[in-house]
Amino acid sequence: MTTVSIIGGSGYGGGELLRLLLSHPAVEVKQVTSRAHLGEYVYQVHPNLRKRTQLKFSDPVALEPVDVLFLAQPHGQAQHHIDGYAKLAEKIIDLSADFRLKDAADYQRWYGEPHAAPEWLNKFVYGLPELHRAVIASANYVSGVGCNATASNLALLPLVKADLIDLASPIIIEVKVGSSEGGAEGNAGSHHPERASVIRTFSAFGHRHTAEVIQEMGVSNVSLTMTSVDLVRGVLATAHATVKPGVTTKDLWKAYRAAAKENPFVRIVKERRGIYRVPEPKILAGSNYADLGFDLDESNGHVVSMCAIDNLMKGAAGSAVQCMNLMLGLDETTGLEFMGLHPI
Amino acid sequence: MTTVSIIGGSGYGGGELLRLLLSHPAVEVKQVTSRAHLGEYVYQVHPNLRKRTQLKFSDPVALEPVDVLFLAQPHGQAQHHIDGYAKLAEKIIDLSADFRLKDAADYQRWYGEPHAAPEWLNKFVYGLPELHRAVIASANYVSGVGCNATASNLALLPLVKADLIDLASPIIIEVKVGSSEGGAEGNAGSHHPERASVIRTFSAFGHRHTAEVIQEMGVSNVSLTMTSVDLVRGVLATAHATVKPGVTTKDLWKAYRAAAKENPFVRIVKERRGIYRVPEPKILAGSNYADLGFDLDESNGHVVSMCAIDNLMKGAAGSAVQCMNLMLGLDETTGLEFMGLHPI
Amino acid sequence: MTTVSIIGGSGYGGGELLRLLLSHPAVEVKQVTSRAHLGEYVYQVHPNLRKRTQLKFSDPVALEPVDVLFLAQPHGQAQHHIDGYAKLAEKIIDLSADFRLKDAADYQRWYGEPHAAPEWLNKFVYGLPELHRAVIASANYVSGVGCNATASNLALLPLVKADLIDLASPIIIEVKVGSSEGGAEGNAGSHHPERASVIRTFSAFGHRHTAEVIQEMGVSNVSLTMTSVDLVRGVLATAHATVKPGVTTKDLWKAYRAAAKENPFVRIVKERRGIYRVPEPKILAGSNYADLGFDLDESNGHVVSMCAIDNLMKGAAGSAVQCMNLMLGLDETTGLEFMGLHPI
Amino acid sequence: MTTVSIIGGSGYGGGELLRLLLSHPAVEVKQVTSRAHLGEYVYQVHPNLRKRTQLKFSDPVALEPVDVLFLAQPHGQAQHHIDGYAKLAEKIIDLSADFRLKDAADYQRWYGEPHAAPEWLNKFVYGLPELHRAVIASANYVSGVGCNATASNLALLPLVKADLIDLASPIIIEVKVGSSEGGAEGNAGSHHPERASVIRTFSAFGHRHTAEVIQEMGVSNVSLTMTSVDLVRGVLATAHATVKPGVTTKDLWKAYRAAAKENPFVRIVKERRGIYRVPEPKILAGSNYADLGFDLDESNGHVVSMCAIDNLMKGAAGSAVQCMNLMLGLDETTGLEFMGLHPI
């Protein structure tokens, strides 16, 4: 058994990671840390784990060496401790934003302060298997992904990979998100009477995840608009772009089918009947799927590409476990078989 | 115009009061206080009031005399300042729990500490017009009502008033409540990802509002079970009691019809067809109605009596304005005409 | 008192109209028709109206003459009966889509069949007071507005009126909507287990309301993407456009302030602090306000303009009553004073 | 591999069963029937199954023999075809209400019509493993369970088994339920604008599942009150009973601990801190756990016992698969390992 530990296990990403790893057939969870909940049973914070583990939250200073170390702390922390962590484990997967960007100047621009360990930026691989499967398989350091960036990147992936869009035209991505994206710590706006039933645009443009779309998709004229809606888990990214002259719906089908064929967690949802004709995040809760759909207005080349994911799974813990599987030489889908629920 | 001010205007009760008073034809709002939001426009906290008032939150120490002073602070504060408030206004209506109970020993038992101004307890009238209309009309000091107590009391009112129930048998009241009942301050459990979709029983018995049911209904063998559900505004109290031998459904109809006839804000909802056959809080948002329904199992005398209200209206600010109307000699329904919305 | 009747009163638009007219100080409701609910009390369908009216649904064939006749039937019906209706009332306000478009060819293109009464198209004024206040005031026939079109048109209004946007660049409007927009008749997709928690894009482009945006805003390169979210009442339209070279945030403020000044139901929501910094539909339930906000990326001229409304109010019944007020020479806001609720 | 087929696979119970059986390590799904969706891919109705199976809905008349046949049709159908089904499979598990009651007279009383195959009633075992584990293990015909009955029975189980309650006192059970309980077919009341945010009591007493509580718990003075709340999956049953004189909280702990020890899917939730102190259905979506909690008012013997389940899992398909495991000699938990999600 591969031994793993999680630093920062009381947050939503850490909890989801723990759920996945506890039922993963090839790993054994050694420690889960939380300063705020030190000594409590993990099921007191993550009630779904009751009767499944007697693990208690331990102190991060008491970490023992393991094969794979997961970092699931708030942004801005891992970069200060990465040298120490690297002594504890040969392989590290960091779910935070600390090692996603390649360029320290980009980090400073989007995160507002200098990076504390810029020499580590190029040691990390951006952990989206659909983009970097082979490199991840041989990497020791893998970064997690931004959930909104992942939905946006996967919405664009078939179009960019098949070189179908006009990169000179602006790409507008409207991202609708659930409340778990904000993390386990509440704030005035997450108080239920204020947060229920919202359609609340919290960023018209300039969201930090934009940097990951620019970096990974090689696009520059791109904008993300972020809107919260009433849902706990889930992201739907709707990308508006312009296809190159002559590109047809048939070309798009070919590109999307290729993406679904190459990637076990990518599905195409484009039906003419039934209730679920397009990608929808609600049925993805707990699953690692990224559902893609598209529609092309052939009269003007306007393509609408959609990607739905569970932000805590494909947008965080699920992709992280998928990366771990690749790094360990396991089947990519191991431990990620849950199909999601209908109805929900 | 009658002049009024509100102490504690940034909470949900205070905000609802402000909404009602701003559109009330017979009053003028002079000041609304909030220490936390001092100097801010009230519409920055209560966004529905934008373009309707340019009032700013003022300092409670700078209060000027008015005709009617509303106290909408958290529980436990008014009792420490009541002597000072009484110098500012001839009439006071307190929405908090401070002056609801008549007996200082009861207060200590249910609230866990001695009352700071026990000499004031008997100067206040319990502010539920359906119980104390005439006394309120001639009172200077009126206490607000507990929202759960109000739903429970009105569910029992027709039965108790017509002397139809066996008071020796236990009365079980199951109360289901929305999230606004917890007030404007968030906590770990009100964070949207944790609070959405709940059916969460936060008190199996022993809830403080039980004291108001015992006091006002003259019952002793009564228990309230409190369960939060996914809704912002609304309370449904379902009272299970046993009728006296021989009591029939016809007797119940008579008692409930009398309650509806005597009280402009009491309605009976008991239909055999359609979607809305029983009292439901969702259609009451913003309205001052208390919708009552009942069902009697004639085989064993088990009566199920339901009352639905908007906790911020009939359960707080609406009843307070209704009391003010009585105290000022106005029609009881003045400024409380909003019907509620369908659908919502 | 002005006498009014409503044809088609059991739907959501008709019910909301009825609520508004029952509390309107200058009108008296004579008849409300519904074939499906003939003879039932209107409060059996619209439970908020209980104890407020004893009106029953009547037969449309038994309509008597009135001063103002409201048509609130499903689309495609009014055009077949308009000659008869015109004999019953001097003034007609139709909430359906039948008389919104000026050009019969446009109607056929967007609605898929020829118009049954094309000679009436030019007799109707498009009923959005913010666009056609003066003409409405002297009109006898006024058409209702599409709810999504209204949110989109008002999002664009300040920009178009002040001539600030580059009309050659595409305008992408993402519209997020609640479930009441689909009307009172259910379908497979509106069944609660399937409809709850959705982020469901039901039209990537080509929605019928696009025709009203093209006609009323004079834009051609415009696309509406429609997405359902978990909310009953409310629409948020987010328009992405490109400003003309040199246009600044200051220019935008000027244009939006002018719109808010000219129109009693237009508000600007653009705050730097607090929970409600941008337009949000949830607090507008039951109110006739249209809340506008905007953000300009000065680096590339990308402007994001938002408009939130209650689809049943400003997007349907509220605008209709506002038009009636203008047609009757009343203050535009009469009977539309409800502020909306916070929290909700 | 054990071969299984499902009759009635397009409903919610059938879909959930299919999800479980597709990932069950010891079975192979041969056929899934649906007349309404004949020939469609099962993933077109149950979108979570996309990319997991290419099964199409088949005709029930074309069923082939299998080892285990699951019946997941609406109530009232299986009893008419049971002789034929018995020729197709040695083992049958019926999720409907047709074979739950032992006494044909009871069936007629609660379901309003005579049973069509009364000779089969005693061949079926009531399929709740927590009550009949050993008998199920050797049975060929097992009935499913009512979801509300299951939550109620498991809430009472520790109390009844340890003989702690006074059966002469009335037992009031308040059951709060989600919308999936109503099945996949919509109705006027399940239309999202009408069903969202409800607290809607649809049965004050006399619900059919009461019969299963009477039969299985051996209680007679019991009443179920059913209330719908805003949630898709989940039931919380809150049972109010009176303990025998002298029974203490310690006695209750002992009884509940025994239940949790004997039953792998029973957990006790009774915490003094944290957000999740009592049983809550929301975290159980997709899991087969029954979470139990209790509170005793030692001053009067009033015990409040709670049970939370996922109505489609422990209340239907999960218990059915648990029974199948027992019938096949497998570990009871096989294929039922999903832990549920947090947050959700």
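Lettered A, B, C and D in written order, each chain numbered from 1.
The rule is short, and it goes like this: contacts are C-beta pairs under 8 Å (C-beta built on N, C-alpha and C of every residue); 3 or more make two chains touch, one makes a residue touch a chain.
The shown structure was predicted, so the numbers you read here are calculated from the model rather than taken from an experiment.
Chemist: If every step must land on a chain the current one touches, say how few steps get you from chain B to chain D.
Modeler: Tracing touching chains, the least step count from chain B to chain D comes to 1.
Chemist: If you average the CA coordinates per chain, which chain's centre is most distant from that of chain B?
Modeler: Most distant chain from chain B: A.
Chemist: Centroid of chain A to centroid of chain C, CA atoms only: how many Å?
Modeler: 38
Chemist: I'd like to verify one number: the distance from the centre of chain A to the centre of chain D, where each centre is the average of its C-alpha atoms, in whole angstrom.
Modeler: 35
Chemist: Between chain A and chain B, what is the separation of their C-alpha centroids in Å?
Modeler: Here the centre of chain B sits 45 Å away from the centre of chain A.
Chemist: Could you say which residues in chain A touch two or more other chains, in rising order?
Modeler: Answer for chain A, listing residues that touch two or more other chains: 12, 180, 184, 188, 193, 196-197, 230, 232, 275, 280, 343-344.
Chemist: Could you pull out which chain C residues touch chain D in their complex?
Modeler: For this pair, the touching residues of chain C are 12, 178-180, 182, 184-188, 190-193, 195-197, 230, 232.
Chemist: For chain D, which residues count as touching chain A in their complex?
Modeler: It is residues 12, 15-16, 19, 22-23, 40, 44-52, 180, 184, 232-233, 260, 267, 269, 271, 273-276, 280, 283, 285-287, 289, 291, 337-344 of chain D that touch chain A.
Chemist: Where on chain B is chain D touching in the complex?
Modeler: Touching chain D: residues 170, 172, 174, 176, 188-189, 193-194, 196-202, 204-206, 221, 223, 225, 227, 229-232, 234, 236, 238, 240, 242, 275, 278, 280-282, 293, 295, 297, 300, 302, 304, 306, 308, 343-344 of chain B.
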